[in-house]
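We just call them A, B, C and D in the order they show up, numbering each chain from 1.
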Amino acid sequence: MHEIVIHLYQVMFAIGIFVLISLGLAVIFGMMRVINLAQGEFIMLGAYFCLFATQLGLDFWLAVLCAGLGVGLFGILVERLLIRFLYGRIMDTLLATWGLSLFMVGLVTSVFGPQEAGVDAKLGKVTFGAYSIAEYNLVLIAVAGALLALTFAIWRYTRFGLVARSVMQNPTMAAALGVNPRKYYMLTFGFGSALTGVAGAMLAPLVGNQPTMGSFYVAKAFVTVISGGPAPLTGTLYASTLFGATDGLISYRTTQVLGEIGVLLIAIVLLRMLPLGITGHSARRA
Amino acid sequence: MRLNRRQFFRSASGALAFASSAGLLRSAGIAGEAPIVVANILDQTGGLNIYSLKQIKAVAMAVEEINAAGGLLGRPLELVFYDSQSNNQFNAQYMTQALIRDKASVVHAGVTSSSREVMRPIAHKFRGLLFYNSMYEGGVCDRRHVCVAQVPGQQIAPLVPHVVKEYGKRCYILGADYIYPHTTAKWVRKFTQEAGGEDIGVEFFPLDVSNFAPALSRIQAAKPDVVWSILVGSAHNAFYRQYEATIGKANIPLASCMFGIGREQTYLSADEASGIVNATPFHDSLPTEAAQKFVRDFKAYTGEDDYVGDYAEYGYRGVNIWANAVRKAGDPSPEAVIEALPGVQFEAPGGLVTVDGQTNHATMDIHLVRTNRNQGWDHLETFAQRPPSDTQAVCDLNANPNDRTQYTLEL
Amino acid sequence: MTPILETRGLVKRFGGVAAIDGVDFRLEPGELRCLIGPNGAGKSTFFKMLTAQYAPTAGQILLDGDDITDEEPSEISRRGVGIKNQVPDVLDGLSVRENIWIAARGRHDTAGADHAVSEILERLNLGPLADRVVGKLSHGHRQWVEFGMVLAINPRLALLDEPTAGMTAEETRRTAELIREMNRSMAIVVVEHDMQFVRTIAHRVTVFDQGRILAEDTMDRIQVHPEVLRIYLGTSGHA
Amino acid sequence: MFARLSETQSVSLPPALWWTAVALALAAGLAIPSFTGLDVHLDLSIIFIFGILALSMGFMWGQVGMLSFGQTAFFGLGGYTYAVCSLNFGETTSAMLLAILLPAIFATVLGYFMIYGRISNIYFTVITMVVTIVLEKAIRATSDESFVIGDVWLRGQNGIAGLPDLQVPWDPATTLFVTEVYYLAFVLMMAVYVGYRMLLRHRFGRVLLGIRENERRINLLGYDTRRYKLAIFAISGAVAGLAGGLYAVWGNFVAPEMMNLNSAASVVINVIVGGKATLLGPLIGTGVVQWLTAWLGTAGVGQVNLVLGLVLIGFVMLFPQGILPMAAGLGREALEAARQLFRRRDLAAAALRKETNS
C-alpha cells in the first residue's frame, strides 16, 4: 500500500516539475512561436528573486509572488528591447535569446558569485509507514496543477485571453478590429515570463541556487512543449504527464540517468510517430 | 599585464601576472633579482570554481609571504595565474603556455582528476613539474606530479570505523557520478565490511542532478543506519536540504568525505548542515596555533571573513612544499626540484606534511570533524601522520622512475 | 493503344471536402489537351496528384499502363512527367542558367547539360538574363524560366498549369507557339482560363467542375455545351 | 562551368583569383610556425579544428538549409572513436580513419530515420540537439569500471586522457608533435574548405543549393532529395568526426563536454558570427570568436559569457548576415561612395569646363 503511494508520489512530483518548467514556455513558444532559449535563465531569475525577497524578510509565498511579478516585468523589458524586432524570424530569435542566456548567466555570476544560499519554505513532512515525504514537494504538485488550471482559465474565459488568442492567430484581423497586437504580444510574453518566474521561485527551496541552474531545465522544457504540439496548454499537460510518469517511474525503479535518457528517447520516438506533437491531429487550439 | 593584489582579486581571470609590490620586494632586498616564475591554473569562473576561489588567493598569499621573507635563493617569485574556466581545453592550452612562454618552474594546477590527466602528459612533453593541490582517488605514479592533499586510504580508513561504531553497521552510499566518488565508495564499502558492517545500497548521480526525491524514497525503503554522501558540486548541495526535509539526520545520520570542500555548509541553514561527520587534513576550527594563525592571516590578506576551508590550505602547503624543495636543491629548475622532493617537509597549518618519495604523495595528519551550527566544524580527533598507503601499494617511483601510470587501486 | 496517362476513380479529400471526386481521365500519346473550369474546380489539385505532390484518397493513376499511384514525385518525374506549377515554382536564389542546368543535369551528363542549357536559353530568348538571379526577375520571366526547366528534363508528358498567367499579349502568342512546338515530341495537358488561348492550341478540351469531369469534347462543341455555359455564365446561360 | 557561383554572390571571386587566394592562404598558414612559439601553434591548431567542425555545420545550414544543432554528437563520437581505438590497437592511423567512418555511419542511420521520416526543419534541429545531449549523458554515465570497450575504460565524466600522439601512417615509430599537429590541422581545414567548395560546383552541390531554394521543385525535376540530404548529412557527420579525432590528437584527451549543449551552441555561434551564406564565414567566425574568448580571458573581464552573450545579441540584431557579408557590404558601400565622389568631382569639373567654355 505504502509502496503504491510512494510510486504515485514520485510520478506526480515528476509531472509537477515538468508542468512547472514548461508552462511558461508553452505560452512563449507554444502560443507565440518565440523560441526563448533563455527560458532556463528566466527560471534562475525567479529563484534569485525568491531568495532575495525571503532574505529581505518576506514570507515565502509573498516571495513567490514577487518572483512572478519581477520576472514578468523583466520579460516585458526583454520583449520591448529584443524580441519584438525578431517576430517571425525563428532562427534569429533562437540565437538572440541564447545570447541573452549567456549574458544573464555571466551577469548574475559577476554580481552574486557562483552560488547562493537556498530558501527555506518552512514546511514539515508527512509520514506513510516507513516513508516520509517533504510537505513542500506535495505543495509543489498542487501549485503546478493550480498554475496550469489558472493559465487555462485565463486563456479560455477572460477577455485578455480571448483577445490574445485571436492576436496570436491572426494579428492583422485583430488589428482591423481595433486591438493593438503589439500590446498583446508584449503582455503575453510578460505573462509567460511571470509563469516561468513562479516556477523558478518554487524550485528555489528544492535545488541549489546557482547562475547556471537554468541549463538543466531548458532542453526538458522545449522537448515537453514541442512534443505537446499545436495546442500548447493541453499539449503540455499530456506531454508532462507522459514524460513525468516515465521519468518518475524509471528514476525511482532504476537511476535518474536512465530516467532522463528514457524521456528524451520517448520524445524522439513520439515525434517520429506524431510529427506535429501529441495534439497535432486535432486542429482545435487551447 | 601586471596587477597589484587588490586588482588581482577583483578581476583575476585568464592569464594574469601577479607581482608583489615593488616596496615589498625592496624591503626584502630582492627587487633587482630575476624572478622565479610560479604558474597557477585554476577555475576562477565556470561551474567548478567553488573549489578554486579560496585556493587561488591562498597560492597568492604563499607567494607573497615567501617574497616578504626574502624570496627563494635570493630571487623573488612571480605568480602567473590562468583562469581555466572549468574547461579542460583551457587546461591544455594554459599548461602549454605556462611551460613554453612563461617558462614556469612549477605549475600549481587543477582541482579535478580530469583536468590533471589532461595536464600531466604536457608536463612530460615540456619537462615541467605539476603540483596537484587537491584530494582525488589516488593511484597516480609520476615523478613530474606531486599531490599534497589526501587520497582515500588516508581519509576513509580512520573515518569509517568511527562511523560504524557511532551510527551502526548498515550504510547506504550516494555519490557523484565520476571516478573519485566511485573509487571512494569502494573504500567505504571495504572498510565498512572490515569493521563488521555492510553496505545495502550504492547510487551515483550526474553532477547536474538536483532532484533527489526518488533516491530519498529508496533510502527510506532500505532503512540503513547511516547514509554516506560522496556528492559533489553546487547542484548536489540540494541533497542536504532535501534530506533534512524528508528523512532528517535525527532519524538516519549522515557521514561524508566530501562535505565542506566546496564550503557547502555556508550555503545551507544550520539545521541542514549540522551534524555531518567527515575527516579532513584541515579545517578552520583546528585547535592548533599554526591553523589559527593561517586562518587569521588569510582573512587579513584577503579581507574576507567567511569560512576558509581545506582547499585554501592545500594551495598554501603546495607552494611551501615546493619552496622547501627548491631551498633543498638550491636550484628552481624542475629537474633539480624533482630530485630534491623526497622527504621534504613543511609544517602546514593542518600539521606536518612530508613528501613520500615512493609516490610523490604526502604523509599528513587527518582530523575527524563534525559540522556545527555555525558553518564550521567541531574537532573530534586527530589521526597523526597517515601515509598515502593505497597509492604506495601500487606505485614505486624509486624502482620505476619512468612510470607515468595512474593505477586503479585494487582493494 | 495504351493511353499515356489514365486515372481511374481518382478521389482527393481535404478533411470532409472532396477536391477531386471520382475523375476518370485518359490522354493518348502525343495528344494536346486543355483543362478548363471555374476556380476551385480541382484542376490544380488534379495536377498535383498526377505528380505525387498530393497522395490520392482513392483511385489509381496509370502512366503508359503502369500504376504510379504510390510513387514518389522524383520517380514520376524520371518516368518523363514534367510540371509547371500555377505560381512560378523556381529556385529563386539561383541564376536563370543554374535553374535550367539543375533540371537538365538530371537527364544528361555535364557536357550534355551545358549544351541543353544554351539551347534552351536561346529558344526561350533568356540569353541576356542567363546570369541574373531568378528571384529578382518579373513574373513573366520567371514563367519562362520554369518553362525552360520543363523543357530541360525533356518529358514525354508535360503538365502546364496556367502557363500564360501574367504574360503580355506578345508573350502569350509566343507561348502558344512554343506549346505547339513542344507537342511534336510530347503529350501535353494545359490548364488555362484564357479561352482565346485555349482555342488557338487545343483540339480537345476537358471541363472540370466541383472535382468532376463535366464534359470532354472539341472546343467548338464545348463552347455550346449547355452545362458548360451554365457554370461559366450562371443560370443566365439558359436565356 | 559558370562564370559565377551563387555561393559567392556576396564576395565573388573568379576561379583563378580564388585558387590564388587559396594558395596564398596555404602558404601563409604553413609559414606561421617558423616565427611563432609552440603555444601559438597549439592555440591556432584548436581554432583550425573548431573551424572544420564549424564548416561541417555551416555548409549544411547555409548551402542546403539543414540546421543541425547536434554536429557535436559526431564530433564527440569521432573523438571517442579515436580514443578507444588508438588505445586498443596501439596504432593511430586506423583509429583516425574509424573516427571519420563511425560518425559517418551513425549520421547515415540517424539521418535515414529523420530525413526519410519526413520530419520538418525545426524538428530536425531539435532532434539533432537531443541526440547530442543524450550521447553526452550516456557517456557521462560510464564512470563505473565495468564500462569497458576492449581494454579501454570509458571513465564517464572524467573523460579519457593520455591518448597516444598521432603516428605517421608509413612510419609508426614517428609521432606528431605540437607543430606537426598544427600543420596537419591547418592542411586538413584547407582541404575540407576546398572540398566543400568543389562539391558546390558539381551536380551534387548544385542540387543541394536547389534543395535550399525549393525542395519540392527539385523533387519534381526527378531528383530524390532525401538521398541528397542524407548524403550531405553523412558527409558532414564524417567531417565533424574528423574534427573530433583531431581534437583528441590535439589535447591527447576526450571528455563528455565535447558533446554538451554549450559546445553544440558555440558551433552555431561561430557560424552565425562569420555568416552562413559563404563557406569562408564559418572559418572566420570560429577565428574571431575563439580569439575574442581568449582575449577576454586575459583582459580581466571576469565573466567571458557576459561579453559573448552581448556579441551574439549584437550580431543577430545588427548584422544578421555575419561578419563577412557585413564587411563585403561595407566594402561595396565604400567603393560606391568613392565612385560617387569621383563622379561628382568629374561632374563638377565638367560643369566648370562648360562654364568656362561658355
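Here are some notes:
Keep this in mind: a contact is a pair of C-beta atoms (placed from the backbone, for glycine too) under 8 Å apart; a residue touches a chain by one contact, two chains touch by 3 or more.
As the structure is a prediction and not an experimental result, all values here were calculated from the model.
Measuring from the average of all protein CA coordinates, the nearest chain centre is that of D. Chain centres here are Cα averages; for subunit A and subunit D they lie 34 Å apart. Taking each chain's centre as the mean of its C-alpha atoms, subunit B lies 39 Å from subunit D.
Note on chain placement: the centre of subunit A and the centre of subunit C lie 51 Å apart, centres being C-alpha means.
Within subunit D, residues 137, 140-141, 302-304 each touch two or more of the remaining chains. Under the contact definition stated at the top, the residues of subunit B that touch 2 or more other chains are 45, 177, 204, 206.
Along subunit A, residues 109, 215, 255, 257 each make contact with two or more other chains.
Pairwise, the chains that touch each other are A-B, A-D, B-D, C-D.
Residues 51, 53, 72-75, 77-78, 82-83, 89-95, 97-98, 101-103, 105-107, 110, 131, 133, 149, 153 of subunit C touch subunit D in their complex. Across the complex, subunit D meets subunit B through its residues 37-39, 42-43, 46, 137, 140-141, 143-145, 155-159, 161-162, 177-178, 250-253, 255, 257, 294, 296-304. Only residues 45, 47, 49-50, 53, 177, 203-206, 208-211, 213-215, 217-218, 220-221, 223, 234-238, 241-242, 245-248, 266-269, 272 of subunit B touch subunit A when the two sit together in their complex. Across the complex, subunit A meets subunit D through its residues 82, 85-86, 89-92, 95-96, 98-107, 109-110, 215, 219, 222-223, 226, 255, 257, 260-261, 264-265, 267-268, 271-272, 275. If you check the complex, the residues on subunit B that touch subunit D are 1, 3, 7, 11-16, 44-45, 83, 85, 87-90, 92-93, 96-97, 100-101, 112-114, 117-118, 120-121, 125-126, 176-179, 181-182, 204, 206-207, 404, 408.
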